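Below you will find the structure I want to go over with you.
A, B, C, D, E, F and G label the chains in the order they appear, each numbered from 1.
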């Protein structure tokens, strides 16, 4: 019985990781890739870790697995935010089928300040047409 | 098929195939941000691999490594994105 | 005897601290030292003449079999007396000659040290000790020749002299060590008893070669002679002392000393006769082309040294006798002539013989000394020079082969030497006094006394040769291993062929003196042949050698780090590869290897992809991220193969490295494709071979059986003795805790280094003020 | 697997040297890191590898009851890794400082100390 | 202030005990002192209060989050494995009612963790959150979804 | 008194370093304490030396784990001799540093790192464990990196990049060699390895391992063709740093070569031949390299290389006499080379340059100092009976005995070229007419110093000169010592027994 | 870089957790994977993360003293724990000294533990010194 639970948890876990990987390959722009992977993988690995806690079923491993999951959930979105923000800042373009970009013109190049509205100092704002990443 | 064989011959390969896919994205890019995402994901996958491996070999001590990976992986992402922003500032 | 030798050195050390007292009037007191020593050695004459040999030995370095063993026999006594006797006169002469000189104390210091070294040289019975003193004469003479050290020519001469005699010294050392290997002793006296064994040893030839190397360089034999004329840049007392009476004779001394040990063989005799012959004739001819008095004397000295080598090479009793006498003859007249030249130089400020004549009107005693020395040098009766010349002719005449050839050579030499002696000793004092010298002052007694005394001795010994016959000459001949009991010195040998040759020599030589006047034209004439002169050939060789040195040094040390790495790796690859190819017992036992699984292969592939991506990517950040991939894969491998501690540490450190890179990278410029295609291919090939070698090596090692003794011990004791269950950690903090302690020190040092490197900015002001490194400031100067 | 690991060690050594032969200081350091990883893995491999048996004594045991991996190479590598970290950080900073002062990343332009004689 | 510290302290002590797996009294004590010092080290003036009221709401939030997480994950999985990409992505500006840093952070993270959405950044005046979303059909509806879902619950927890 | 004494030099240096780190910014304290510590360290070294001299090789097992399991520290005559020499050089350089190193540098950890370097040297000499030796090597190189870069000036950095890279490369090769060694024997204890290696059947593999050690240590020792880092960097740091580097750093490489090739990889003809070839080329390359340099410190750098050749040659000939020669030369060279770099520092302070083209007139102005400097300069040449001469007796004799005439030739060549170079230097620097260089404002010229400060320059030079003189005139003692060391090295069973006594 | 609220908030909570972890890892090292090295590395990573989010000066305020001081302190602790057997019992350097009874959490307390604590401090000090120095000068 326990073996089956372990098996199921591990299977779902591995599958979500696989989806994340496929998503990473298939998604057309960086933001979408970040978006897809952050959660699928986190969830997947979380499930795998659950399966190990079931297998070992001792306080030591359980608490460890718990901490790992906690950590992943705490840090993954922050990472996603940081990379996403940096991508936008360095001018990674959105997929051409994207429907809107309300962030346009709100970052200031020099101060890195993000404004909530587009103001009258556009020359300092991040402009994607002038940058490319190398 | 025992649980160990299942984990060994199915789950672990699925995880490493994912890793290969992630590596493909890492190499392809195109943006440096993609690479950072891929690296981050690769480490996460690694945590999964270690967890499964520790079950297969019944070695709970290997989980400590997974723990460290989880704790620390975050930092390189922070650092790399920090760099991405900072180098534009001039 | 040790005290006698050390006196000179002690005096010079004494002078370092009290030098200022010996610059003025007290300077003459310095000459008391050689005088005292002369008296000390003089008292041994009776004992030595009776055939005694005085041996004295002090322990020094028994591990090397090196003792301060001294031997006073006829040969060393003669030299000791010359060294101290002429030394006394030179010391005294110097006190006037260098009166008021700023560095007179130094001069005395060098001179005294030199004298001590010279005494040590001729008295040593131990070859190493002999070598020690031999080198000391070289180094002290370096200081004496370079005494006028602000003069570039002086420095150059000093360096040349040191170079030539230095390499000779090393030959002597090699010879000494080789002889020691052959005989097991450094004692020359003991070698004497093994003469036959040495001569039949397979290394005899080599030993002789080494000794010749030493003797020929020191005694300025062709083609090493050129340092001696150069050494005339030294003050005249130095020329007198070193280059006529003592140092150059060291080589002669060495040959004489070893004649009973090594002599008698064909190689010994023939070489000496040929080298001596060439030297004496070559230099004698050269005297004609000189106008500088000291130049003339230098070449005539070389020639005289050639005669001595020639005589030793003849190897007969007569020849030895002739040599012994000629040493005294030469010392007396050559020292005189040098001293006279010194006086002329000192008073008239010129040594150009074309500008000198009639000086007897001003300095008659000097003139007398000069003329007496000149006739002694010419071998005109009743001087001791005549005795010497007769003996020389006789010895040559009785040689075993090629008599005519040798006779022609020696007679010609003597003719030219007569010419040289006349030019140096007579020409300045005869004829008309040129106006430029009309106001020249007469020299004081301290200047003209010594040469006159020496010149007079030349006559005294000539008239009464018995004074030196049994007291000095015969012991020398006996020390050379010949029987001297039947020999007699006499002024008059009867009217025979030798006497006729003497007359011819005197006649032709005198005629030559009147026919050939020294002139600049002649000097320039010979200068045209300079390009084949040994010194110039050597200079060319030297330039070539320096060129090669530059090429070789800069070829390797070319400033390109990558070349350095390439060479090191190439060196490794070639050597290891060579052994690997020859090492055939190499198999892989496939059964001992663990099975390969999908995830391992995949991890490895990811690792390899990460590596190659790191290598070939154009973006530095991508490279750093790829290093992250590499680190993760290695971490996984560590996990797979039971090393959780390693995996943790590896991963943490990789992450930190990434952070470090990130913090540093954005200040650095982007990658540029710097190397061209060819370079990259070349480096690629080298790297590939290197990698293959490491792989092969690893596989070879894996095929070996291995002992797990240490690991098992740790495992068994980890908990029971060391109270820990994580064996790796127990090793780190206990079993091999010392490693760890050092390792954290390493980390601390690195941190301190990083801190200093980033924070410490030297202020230009301070940098100039204290400047504890040199390059920067020098570069700044260059820019200005 | 050992053969694969041996190959990998070779690749790490080879690429490490290749990178050290480049003219960029950053590549030089990356090369040093690769080489260091190669050396660590070599120690690991030549100490013989064992799967799934960390040298940690079980919680209720006093000695090992089953096979265990040789702990010695692991301890050695740990020491080596940490030392390399110290050296690497120093190297990275050295490169930065050198770049600030010499104003180039190109090693070929850093030969004044060899030329000035 | 005092209470805040104390709470954190207790919380961390439990974390410690759980980690070590040693539930003895000494371990609690040790953990307490250990964390006391760590907190002492790191505390910078921060305001937190009403700890005890919050706990049930926190649990509610977590359940809601898990539900969203799994639901959205499946959506994305579907999107990823089906051959065609039917997305209408874009970046949307979401006005914020949460004002505290912790609130914003939790909200942003939860949005990020649920698939299809990604919090890119918060404006410096903390008035708006920029969210990248995979499926934007109606901007207003999307914003309302977030405000009624996560944000309301978070506000309740933090109120 | 017992074998604990072996580690006292290490304890002392470690304690000094730590205490100096606590007194981070207090320069005065650091200066005084460093000298004080160095004096104590010298005393300890003397005690240890005489203890080993009287009682023979001693060992101590760190952690009380019997050999070959723990880390063994071994004090045989070679080790304690080198420890003693390190203490002497260390004291001299410590005094010299106080006066000559820029204050800013002292404020950034110069003295703690300096003592860490000495710690590393002592440790390397005393350890009996090959991996522990690696770790000591690392502490040495990291300290040297810090010292060579301290202040971070352009030339320093350019030199340091090369110094750093090639030394790291050496460490990697050393580590590779250890990996292979452990892979074929499963041991790290050098005495134990001696026995284990002898039993390995695949001799080719053993040769390769030995070669890796040869190359790894060869780079550190600065032999041809592995020496490039040395001339690129030794003339760039402060003079005190050059002094301790010049005296001791390459010698650690030599020490390691001697240790490994007399204990573990013993008397393999193929390897001996390679060592001989390396030695000959080193003698020649170093000599002709020095010939074409103009900067005094560069000359000395190349001479270091050149003279390493003597020691390597002694090792390659592998007779007791030859090794005694190598050891004697090692003893002499440590003292003299340290001194020479300090001398270049004195000269630099006198004239403000080290370029021989620009120097001159020192003998006229500073006769007594010149005579003092004369001693180490001509000791280096080996003008008998100064110290450099005596070891050549052993080496040349051994060359004749082994019938390796090319080696004898190379030794004579190197001696000759050293003579020429030093004589030339004497003529250029001391004799030549004083060139009136433009006076630099604010430069700390020797002539402007207080006599107390001058003494800080002169005393260390004099100290080492006296030691040089002792080595020369007391050659009997040194030869006795060298012969004993050579005997211990060639008959390594004594060493092995001392380490593994508990095992037997 | 302008620090982001999200990172800042997250890091403020991560800091104590990571520090607790580091000590946890340090203390269990003798029995399970971990020990002074990794513990020290994690501790420093905690502070580094904090500095990324809040700026270096804030982190320095937290630390009170310069991390460089940890070097001599840590070295001294490790060194003295190795020296203790020499000084106290005339045993060889680094010989393990152990308490007779095991102590809660830590198990046996011995000189090795203090040694590891020294390692922990040094590693933390080194890493922080290096990273801080570089970021300050960057």
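For the reader, a short list of remarks on this structure follows.
To be clear about the criterion, a contact is a pair of C-beta atoms (placed from the backbone, for glycine too) under 8 Å apart; a residue touches a chain by one contact, two chains touch by 3 or more.
This is a predicted model, so every value here is computed, not measured.
The minimum number of touch steps separating chain C from chain D is 1.
Located most centrally within the structure is F, per distance between chain CA means and the overall CA mean.
Comparing the CA-atom centres of all chains against that of chain A, the greatest distance is found for C. Most remote chain with respect to chain D, judged by CA-atom centres, is C. A comparison of the A-E and F-G interfaces places the larger number of contacting C-beta pairs at A-E.
Inter-chain centre distance (chain C to chain F, centres taken as mean C-alpha positions): 26 Å. Mean C-alpha positions place chain D and chain E at a centre distance of 40 Å. A straight line joining the Cα centres of chain E and chain G is 30 Å long. Residue positions of chain C touching 2 or more other chains, listed in rising order: 557, 559, 561, 565, 597, 619, 638, 640, 642, 644-645, 648-649, 652-653, 655-656, 659-660, 663-667, 694, 698, 701-702, 706, 708, 710-711, 714, 725-726, 728, 732, 734-740, 743, 745-755, 757-759, 775, 778-779. Residue positions of chain F touching 2 or more other chains, listed in rising order: 14, 17, 21, 62-63, 131, 135, 138, 142, 145-146, 149, 152-155, 161-162, 165, 169, 176, 180, 183, 188, 231-232, 235-236, 292, 295.
Among the residues of chain A, those in touch with two or more other chains are 15, 22, 34, 42, 58, 60, 64, 67, 74-78, 81-82, 84-85, 112-114.
Partner chain G is touched in their complex by these residues of chain A: 67, 74-75, 77-78, 81-82, 85, 111-114.
Taken together, the chain A residues at the contact with chain E in this complex read 15-16, 19, 22-23, 26-29, 31-32, 34-36, 38-40, 42-43, 58-60, 63-64, 66-67, 73-74, 76-78, 80-81, 84-85, 88, 94-95, 97-103, 106, 113-116.
Chain contact summary for the complex, chain F toward chain D: residues 131, 134-135, 138, 141-142, 145-146, 149, 152-155, 157-162, 164-165, 168-169, 172, 175-176, 178-180, 182-183, 188, 231-233, 235-236, 292-295, 298. Residues of chain G touching chain F in their complex: 68, 71-72, 75-76, 79, 83, 85-86, 90-96.
Of all residues in chain C, those touching chain G in their complex are 644-645, 648-649, 652-653, 655-656, 659-660, 663-664, 666-667, 721-726, 728-730, 732-734, 737-738, 740-741, 744-745, 747-748, 750-752, 754-755, 758-759.
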